[in-house]
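Each structure below is given as structure tokens.
Note that chain A is present in both complexes that follow, paired respectively with chain B and with chain C.
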Partner chain A sequence: MAVEVDHGAGVAIRGQAPPAYSPVSLRWVWPAGLFLFAFFLAPLVEIGLRSFEPSRGAEEVYWLVQYDRLLLDSFYLGVIGETIGLSLVTTIVSILIGYPVAYFLVRHAGRWHGMIIFLLIAPLLTSIIMRTYGWQVLLARRGLINETLIDLGVIDTPMRWLNSPEAIVIGLVHVLVPFMVLSIAAVLQGIDTSLEESARSLGAGRLRTFWRVTLPLSLDGVGTGAILVFMLANGSFVTLLLLGGGSLQTLPLLIFQQFNTTRDFAFAAAMSNVLLVLAIACLYLQLRLIKRRGVVG
Partner chain B sequence: MSKRTSTAPTGERQERIWLAIVVIAFFVFMLAPILIVVAVSFTEVDYVAFPIEGFSFRWFYRIIEYEPFLDALIVTIQVALLSTVLAGAIGVPAALALVRSRSRYAQALMTFLLSPLSMPMIVLGLGLLFYLSWLGLGISMTSLVIAHAVVGLPYITRTVAGVYRGVSRDLEESAAILGANRWQVFRRVTLPQIKPGIFAGAMFSILISVDNLPISYFFGSTDTDTLPVVMLSYLEHQFDPSIAALSTVQLILAVGGLLIVERFYGLRHMGAPA
Partner chain C sequence: MGKTSRRHVLKGAAGLGLLSLAPLQQLRAQTSEITVTSFGGIWEEAIRDIFVAEFTKRTGVEAEIQIGGPAQWMSQIEANLDSPPIDVLVNTIDLALIAGETGLVEKIRADKVPNLAKIPDRFTDVVEGWGTCFDYGAAGLAYNRERLPNPPKSFVEFVDRCAAGDFVASLPSISYSPTPQILIWSFADVFGGSVDDVGPAFDAIKKMGDNAIFYSSVTEFLNHLASGEADIGIYWDGRTWAYYDSGQTWIDFINPSEGSVMNPVVVQKVVNTPDVAWDYIDVMLAAAPQTRFAEVLNYGVTNVDVVYPPELAKRITPWEATRWPPFKQIGAMIPKWVDRWNREIGA
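So, the complex of A and B:
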């Protein structure tokens, strides 16, 4: 018979110290747990199942037919490659831009600290449409960037910025770099500056101290930020749709198009599954990183 | 490296100046596309150009008069509020239970509750569309609210858990020792202390819902189109300044919400999932 285990009872069985009092019982997790089970896990399983079906109208019965199309076709392999490649480039650019900003925020900001945090967070809450629209205006043929470059004499004729991979990377970095800055800053904050002072007093220069002491100690933050940015870049499609103009084909963009025009849902499901596997791999890395930091810190 | 190590103050000042230049450039990069949209929304002419020509509020009138925007705005607000209430009703108890639990599954359960944060939205949207259609809910307001609640739930759980972790048990224990029953302790002691967390979590959930495009898109129809969905399809056909005006209004509302969150909770907790 299932025993109704109340707070004290379960503990007595295991013979540990009694838990601290709490007005809340663990049973309160159930509604949220069941909700996610029904409307988060089940839909993902549904996608998994769909991806083993043949496309509508097709007669194939071979269960891996969608994955055959996706993983053995050079075009679609290219798409997967471009998805990962774009996310990698976005991540690297975000690290290069984000690190100095995070470093300044933690070590030099002083009374500007609150202001910088506000400026970092505020764009996160503007709509993705607004930011993409802003880049469309800025990068247009007769836009501010081209006009400025011509006025400065850097270029003679307007450059074609829009509908290029560069525009996509600019747009994605703009959306995602705050996550990188916050992740790196969180770790930098915890570094004991006396380690740096020791290095300096033992004769290391500023740069050397940075390379040999500060940077290695902050790599956890870079890692956390990189996984987060990579993960979010992998799933993005609005930026690609509005700034890319088809110059790059990625999985989310193709899923979007399959849904809109081709309506080949089984194939869209297979592509979603590939994205899902990438996301789960990232989640796994993220959890490992958090665990390791927990042990060290 | 060199003998100049002893002149630390100069090195430090140089470092600060260079970094400050980088940071200023960074914020120009971050703010330029936003400010330019705000500027464009006040233009007098029919096309999008910067610097703007003239100054007028005509595009703000235009978004009020253009019916799809207004309909979508109503849907957006309904979905944001309903999904947040749903997510809060199940997310707050779950967060409280997990923070105080000694169960060895607590950590795993928390990871599970936060995992929607890590899933690509477009995958979740497609999956939910298949699944809810299979359940017979299809493209409806109910589906939209459920889908948005899945996304909002982790934000509420995380925020409330963060606040409750910082709350000392002493008060709750004292109340219990003095004879309050569980419900009284919860109502009179626990709830007042976690209120800022609930409030801030709900605010995040609303803001995330209002901006959600990848999920809302799959559930779009004339009755269930949210603002981002309508804006996207508008952008695909026209490129006039009304989208700029609409974005400006949204920005003002979001910054207002942000200031309220900051007041009650602080922004530090908003960054990367912990």
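So, the complex of A and C:
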């Protein structure tokens, strides 16, 4: 019996009238499509239009004034650089921490596998603000780390851990590393261990086997995790506000400032668009990089 | 009875969806409810238990409280001016003036708000009649008296000793909306500058160097003091005493010799909202509710008939003894100051 797929009405049998109802009908896409239009595309267009308006009371009123401010001023270019730099560092540190954890989880955890997954996901159930405040308590001038180091005689006066780029990276990695671990673990799980065994039996050592077989085959997971972590770090705000103390200035912080302090919505809209374009460009570059390694696509 | 088909279900769902998009104002009108605004925490509790309760008792109308901040509320009103989602707006002075100039709020009317007669004119004039002030905070120096038994008595001493490394100070960051008044203008005023010349303020902040850290919310300041990250900082009198009353008896407050910075809170009626909103504002200006509000929040209130209990009177900074920033001029300067802050201070 010949069966063909009719995308409008589902599965139809040749020579018979198509059924009136099918669960695979494209009609079911409408609610999600409408939702996406109303709460993503329409606001995006609104933000796009607003970014071409002048600021309230501004002397210069030409349509690209906000983008000129952002892209021709060395200060704001520095902010854009810090935004990308922070996301890159967070992504690299997350890979360095996340890969060994994912490897252990898949290859050596055994009966602890479920427990480790739970421990990875459990922090995500807590508010990001609570987790960040936790770091404030640990890293404070009279916090647990400084007090312990002083008690042990390692330092005489409290060190300044908080309000630094390092504190921001620690906070972000803590929040984002589970995404990296789960992405890598999902791919590692699917690698046929007989490939590694073949390499070993052909004389490759553990390190070489990992470097030439396991790592290339798991790059897909690393790529997915990197994209997730990079994107989330790119738009992160609370961690920077609470742990950064102004030591780094990124676009999300300045966007918040335009809403909260200056009420310059046009400038905030231009910053949002630049942040979006940056994210898309970095996503494209990462995908290109992964594709070139022959892992995706 | 007809059979219920998938089409009927879909139509019903679509109808429900459309109903959910119906203007909220119409629904609120039917349920005799207005929406008022409040800052979070103890503020919201006081607004609900004192002003909203008294308003409902007087008028029979319920009031829903929306928690947040003035900039956010103004954006919500601006987005739907014909049918605003907020009836009574609590605001800071600089934004209250902008709200008036941009047509978001109405001029306050003595015929609609009888208790306005009990509010000194200065509190209405400062917002050019776009509402009036019902309470105020004073930004002075809050500190941990266990770690800092000999605190500075003036802003000048505060800056000098911080720069010398005597203590770590917590200052409001540019992300905290009152910072232009309570830090930039205040320091400019103290160190010989003015609203047109805030260079001395930036110099003073830079002079404090690494011994100054920054907070972006009222809670963060208290965390700085509690965790030992800072020993002293620029903060509100009322919130300091409220924290003290919560059992944190190590905290104390000083009104510096130059004078704390006045920061009144404005109440405004939003345009295109029902007249009963005036009744809510009248309750906010009445002596008895204001007295109870002051007792809960430890902030000064504006009705001249209010008599503070003796213990509270010792804590309240008299409004006549504070420094009043030129709010309107500051409002116009904020974008420039923020830009300069980002480039020179960065926090």
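For this structure, a couple of remarks:
By definition in this document, the second predicted complex is superposed on the first by the 250 of 297 C-alpha atoms of A that agree within 3 Å, B and C clash if a C-alpha of one lies under 4 Å from a C-alpha of the other, contacts with A are read in each partner's own complex, and residues count from 1 in each chain.
By our rule, contacts are C-beta pairs under 8 Å (C-beta built on N, C-alpha and C of every residue); 3 or more make two chains touch, one makes a residue touch a chain.
Note that the coordinates shown come from a computational prediction; the quantities given were computed from them, not determined experimentally.
Look at chain A after the overlay: chain B and chain C clash there.
In the superposition on chain A, contact is made by A:L242 with both chain B and chain C. Of the two partner chains, chain B is the only one that A:A279 touches; chain C does not reach it. Note on chain A: of its two partners chain C and chain B, the one contacting more of its residues is B.
When the two structures are aligned on the shared chain, A:Y133 is found in touch with chain B and with chain C.
When the two structures are aligned on the shared chain, A:F259 is found in touch with chain B and with chain C. In the superposition on chain A, A:R142 makes contact with both chain B and chain C. In the superposition on chain A, contact of A:R212 is made with neither chain B nor chain C.
By the touch criterion stated above, A:R288 is placed in contact with neither chain B nor chain C. By the touch criterion defined above, A:H113 reaches neither chain B nor chain C.
In the superposition on chain A, A:R200 makes contact with chain B only, not with chain C.
Residues 21, 133, 136-137, 140, 142-143, 241-242, 256, 259, 265 of chain A touch chain B in one complex and chain C in the other. Interface residues of chain A facing chain B in the complex, by the touch rule stated above, are 11, 19-29, 31-33, 35-36, 39-40, 42-44, 46-47, 50, 97, 100-101, 103-105, 108, 116-131, 133-138, 140, 142-144, 174, 177-179, 182-183, 186, 200, 203-208, 224-225, 228, 231, 234-235, 237-238, 241-242, 252, 255-256, 259, 265, 268-269, 272, 275-276, 279, 282-283, 286-287, 290.
Taken together, the chain B residues at the contact with chain A in this complex read 1-2, 4-5, 8, 11-12, 15-16, 19-20, 22-23, 26-27, 29-34, 36-37, 40, 48-50, 89-91, 93-94, 96-98, 100-103, 106, 109, 111-113, 115-116, 118-124, 126-128, 130-132, 134, 146-147, 149-150, 153, 157, 169, 172-173, 176, 182-183, 185-186, 189-190, 207, 210-211, 213-214, 217-218, 228, 231-232, 235, 239, 243-244, 247, 250-251, 254-255, 257-258, 262, 267-268, 270-274. Residues 6, 69, 71-72, 74-75, 95, 98, 168, 173-175, 177, 179-180, 210, 213-214, 216, 220, 223, 227-230, 332, 334-335, 338, 342-343, 345-347 of chain C are the ones touching chain A in the complex.
The touching residues of chain A, counted against chain C in their complex, run 21, 55, 57, 75, 133, 136-137, 140-143, 160, 162-163, 241-242, 245-247, 249, 253-254, 256-257, 259-265.
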